[in-house]
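Chain IDs A, B, C and D follow the sequence of writing; residue 1 opens each chain.
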Amino acid sequence: MSITEQEAAKGLTFQNEESTYLQAISQGLGEAMREDETVIQIGEDIGEFGGAFKVTKGLIDEFGEERVIDTPLSESGFIGAAVGAALMGLRPVVEVQYADFLSCGWDQIVNVAAKIHYRTGDPVPMVIRAPSGAGLRAGPFHSQSPEGWFAHVPGLKVVAPATPFDAKGLLRSAIEDPNPVIFFEHKYLYRRLKERLPREKYKIDIGRASVRRDGTDVSVITYGAMLYKALEAAKQLNTNGISVEVVDIRTINPLDKAAIIASVKKTGKVVIVTEDHYSFGVSAELAATINEGAFEYLDGPIERIAPPDTPIPYSPPLEDAYLPQVEEITTGITKLVAY
Amino acid sequence: MSITEQEAAKGLTFQNEESTYLQAISQGLGEAMREDETVIQIGEDIGEFGGAFKVTKGLIDEFGEERVIDTPLSESGFIGAAVGAALMGLRPVVEVQYADFLSCGWDQIVNVAAKIHYRTGDPVPMVIRAPSGAGLRAGPFHSQSPEGWFAHVPGLKVVAPATPFDAKGLLRSAIEDPNPVIFFEHKYLYRRLKERLPREKYKIDIGRASVRRDGTDVSVITYGAMLYKALEAAKQLNTNGISVEVVDIRTINPLDKAAIIASVKKTGKVVIVTEDHYSFGVSAELAATINEGAFEYLDGPIERIAPPDTPIPYSPPLEDAYLPQVEEITTGITKLVAY
Amino acid sequence: MALSREQHFDMYYYLLLGRALEERLETLYKQGKIPGAIYQGRGQEACYVGSAYALEPGDVIAPTHRDMIAMLPRGMDIKLIVAQHLAKVTGPTKGRGEDNYLGDLSRGIFTTVSMLPDFYPVAAGAALAFKIQGESRVALAYCGEGATSRGDWHEALNFAAVKTLPVVFFVINNQFAFSTPAEKGMKIGNVANRASAYGMPGITVDGNDPIEVFEAVKRSVDLAREGQGPSLIEAKTLRMKGHAGHDRFTYAPSGLIEQWEEKDPINRFEILLRDEWQLNDEEKQQIEIEIQMKIDGAVAFAEASPLPDPNEVTKDVYH
Amino acid sequence: MALSREQHFDMYYYLLLGRALEERLETLYKQGKIPGAIYQGRGQEACYVGSAYALEPGDVIAPTHRDMIAMLPRGMDIKLIVAQHLAKVTGPTKGRGEDNYLGDLSRGIFTTVSMLPDFYPVAAGAALAFKIQGESRVALAYCGEGATSRGDWHEALNFAAVKTLPVVFFVINNQFAFSTPAEKGMKIGNVANRASAYGMPGITVDGNDPIEVFEAVKRSVDLAREGQGPSLIEAKTLRMKGHAGHDRFTYAPSGLIEQWEEKDPINRFEILLRDEWQLNDEEKQQIEIEIQMKIDGAVAFAEASPLPDPNEVTKDVYH
């Protein structure tokens, strides 16, 4: 049963049209703005032009320049401005053109947005939307998956949906969250996925993983675009009689440790697949968490499959070699099953 | 045998006077500048004033304003300028006043300095010196240990010495390294340690751990100021008949995986102690690395002892609760030994 | 805009309160009762009181490390200030934040961070919120001349100018950034000249004259409130102390401090009050006594307050 | 400073080469042979050629995404440019870097990054090195008017001014930053006016006149080389294409492109060459043929080149 059906069973009815991942986000933004007039959009070229990926297209027509705010080229400035607006009671949703450019506003995110509540108790309800991820031949400065850095910042939440349904549901939660949330939209998925979304308002809780496929031999823990590689690997191995469980963590911080540990306790073997590069990143925390929570259940070493520790190369053969591929995952699982 | 004696055995002779950790760094800077006229210093208040912690005191008198360069308050600007100077053949050593302010130059470090060589093959020989670490009641903006973020940046090296001897020896290596190196100086140690340093030039290789204490029951993997807490815990436990090995990794990236794995294979049990906070940081990578390299040797779960995922609080009882303390380490080890 | 006698006395009160409170914090620091640092605005009291006094209740300010005195005319409770310095749980950050990085949002005072001047964009964002919500409120952001070299300063001024936001950027040019003299931080003499890069008014005022500061800030605040957008005001003064409690200001050119002592803003204002508003010794003494009592009370409160419970360390990271 | 006939022809050659090379890249892009993006400087050729032509061999430039043409007078091998776009291992980044983020340090061309304008501080740092080493070299940094809003731009100009560094900051005001018109990026009309915030000369020139650009840049380069410090030059022009290959520039106000087509820098320069330097059709054709052959050769080279070996992905992260 797919997640969509699961949720449908909870009484949602579905739109007739399918929506892409990108459309799901656009819908989520529009609906949030309609419901709550404190929600505003801030970013470069997001007004008339509709944003670098056209996610905000149309919002300015409905909500006007006052709530859909084009900014000068100044990530630190407009992220800081979003913090100020959030402190004054608005709910800003910031768009950076590529997740790579988050680095230009890093200090405002980690030292300002993330460190206010602990000291003052004041909420800082803001979302930063960041198109991340590789696969589009966009090279070292337009392909980054920087979620590992942000997960290591207390005070921030970090979200990375893999489906249209989750993208919209998590976006609604992020916008209603009283804390700063970094919302990674995988740009490779923007137009490659389609599904029917609920007509009704729904939210996905931040901090809740989803088991995308049940299995008994090995758990694959993953998120984002890698989910599809993992599912494909699981499908292929199924014909070999290997039963793979696939867990999509969906949010990186907070992490749904219970769901991860439960899966590993069931299977005893685990492969972690991330697009975040290998060392000192998300895969490391997943491995450490599993070691701590399920050590006695482990029937083999925790296997990490992640890109190498390099910038993200541009040329197709290099980028393909950089990204984890299905074969690497099937090989990893097969080896682990034989352990 | 202490590391100092080990090295002495290799034919070094020692100064009569003891040097603090801070003096060791000052000496290293001065000697590097004397030997190599391409070495320059860049930072705020580092000239006449000698820097926020007085590490560069006196350098301007010897080397002049041309090589000891006071800058306006602009971390991104002067870190970027150091990259340019490095590309033109100089070896800039940048000082930020506190490691916390590295965040203001983050983009120049991760997108500029770190990503040049992979694309062009040109060396970028520069060092960024960053006084890091807590314990001085300096609060959330003057106590950070941000090494976890930087370790997750391919193209950078990350160094964190714990002794005067290492500080000087690693600094010399960092300055001669053709890559950008982030050099974390633990400011709590600046004036609290003293030892006699070699008269002769010496270097400590980046990427080489040091076993600070031999033991057989449990390995403690640590670095920086936490080394002393770990050694104290080991000493206390020794009287209880527990033999603790203490490994100081000294450099975080590259990591001396061989030394870490060797120790764990010997003891079968491991406690990781870091000042970097718990989740998604250095301790996670250490745990994941050990799981991968020594899974079959592990006689118990890998234990991580690290600060909680919070900003670093100012008030003494809070800061003390934030930082790993000796008792927490002895408890962790004792529990693990009994596993 | 002419200030009444009462308003003059009000400002005088805050000038004296600011100086006395900082002196007491210095004493506490020297007694080892402050675990962290102190940053003093001595000599700059006119900048703080003149500017903050020009605001209305709904307005907000973003002070930096040295600008605690600007909180006083906003009604900041000085008990909280002392408790913060003593790292007590009764401080506004419950002992979590350091030094002058404290505030009170209900009084429109941001709790800022050390990275300079990171709250310049934040103040612009607050002003953006005022504009969007059609509120007649103004934001006032502080920093020193040194901080104007940082990129966030530039991005904030440009953003505010383009969006015509109700924010006033107030720069205290106290001639030093830590040990760095202003001319080593920028090549131009007046920070105010930077305003033309953004298309906003730039004004330089005597930072040792509370009335001149007040009038300039009031004009800019009025402009902002009327929807005319941001201004940049530079107040020239001298930092009369070292950068922080431990810094003995040995690098001050000889004679400079003495020269500026003669321009002491409080002495000057007192002369004005005596000459034009009939301040007499008795009144002065009364004010001083009131202030001392208030400070004594705050110190007693802070000293009697408990330190935080170590178990609180992990609380409140998230809302 | 008067340019000879040969120099005029030289510039003409680079203008034509730049335009033709970009046109060919556009064709390759439309044929799907470029896996990434293209950013074209059509209409801005005079900015690039006029500025880069004012440099000497030891000087360095820091171009951005759109500024490939500035590399041509520096002698950049166009085979490398095409190979980079086709993601071939024979490109200067061996297929690792994207689009115009390429260079050749031996010719004084930095391989920059996408974050704008991150190489402004880097160029200032190169100039710092020249000054420290007593070398008579100059750095020239490019960016668009949009990038002047970013903090690194400010920090670079301030640093260079304070340190009197031999660097020229060259801003191409092409009226748009992606879809954002210049007046929504800054409130002032001329980027050059920002120079006064740093105490350096600021000059606005006609970005469609290669000679005017050349003369202004040459003056600034000479000043820099003589130790007089940095300048800011703004060249006004129009980006004649969309932001990138996929952008059809639908947001251009109607008539704007046509209006600027009449000011086409190459046509204008050609008229000058015909009127004053006796350019004739035959010569023109000769140059065009030479350029086409050169570009054909480069494309053939690039197309024949292999893609990188996937095993190379982990190489060269460190030196």
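Everything below uses one rule, namely that contacts are C-beta pairs under 8 Å (C-beta built on N, C-alpha and C of every residue); 3 or more make two chains touch, one makes a residue touch a chain.
Values in this document were obtained by computation on a predicted structure and should not be read as measured data.
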Touching subunit A and also subunit D, the following chains: B, C
Graph separation of subunit B and subunit C (steps between touching chains): 1
Whole-Å separation of chain centres (CA-atom averages), subunit C against subunit D: 45
Distance between the centres, which are taken as Cα means, of subunit B and subunit A, whole angstrom: 32
Computed distance of Cα centres, subunit D from subunit B, in Å: 41
Numbers and ranges of subunit B residues touching at least 2 other chains: 72, 74, 76-77, 100, 103-104, 107, 111, 115, 118-119, 140-141, 154-155, 308-311, 313
Numbers and ranges of subunit D residues touching at least 2 other chains: 93, 96-97, 101, 113-115, 149-152, 155, 158-159, 162, 184-186, 317
Pairwise touch network: line, ring, star, complete, or other: complete
Interfacial residue positions of subunit A with respect to subunit B in the complex: 100, 103-104, 106-107, 110-111, 114-115, 118-119, 140-141, 148-149, 151-152, 154-155, 253, 255, 277, 279-285, 287-288, 291-292, 295-296, 298, 300-304, 308-311, 313
Subunit B-touching residues of subunit D, taken from the complex the two chains share: 60, 92-94, 96-97, 101, 103, 105, 110-111, 113-115, 118-133, 139, 151-152, 155-156, 158-159, 162-163, 316-319
Subunit D to subunit A touching residues, read off their complex: 35-37, 87-89, 93, 95-99, 101, 113-116, 146-147, 149-151, 177-180, 184-186, 251, 307-314, 317
Subunit C to subunit D touching residues, read off their complex: 149-155, 158-159, 161-162, 184-188, 193-194, 196-200
Touch list for subunit A against partner subunit C, complex: 40, 66-67, 69, 71-72, 74, 76-90, 92, 107-108, 111-112, 115-124, 154-155, 157, 178-179
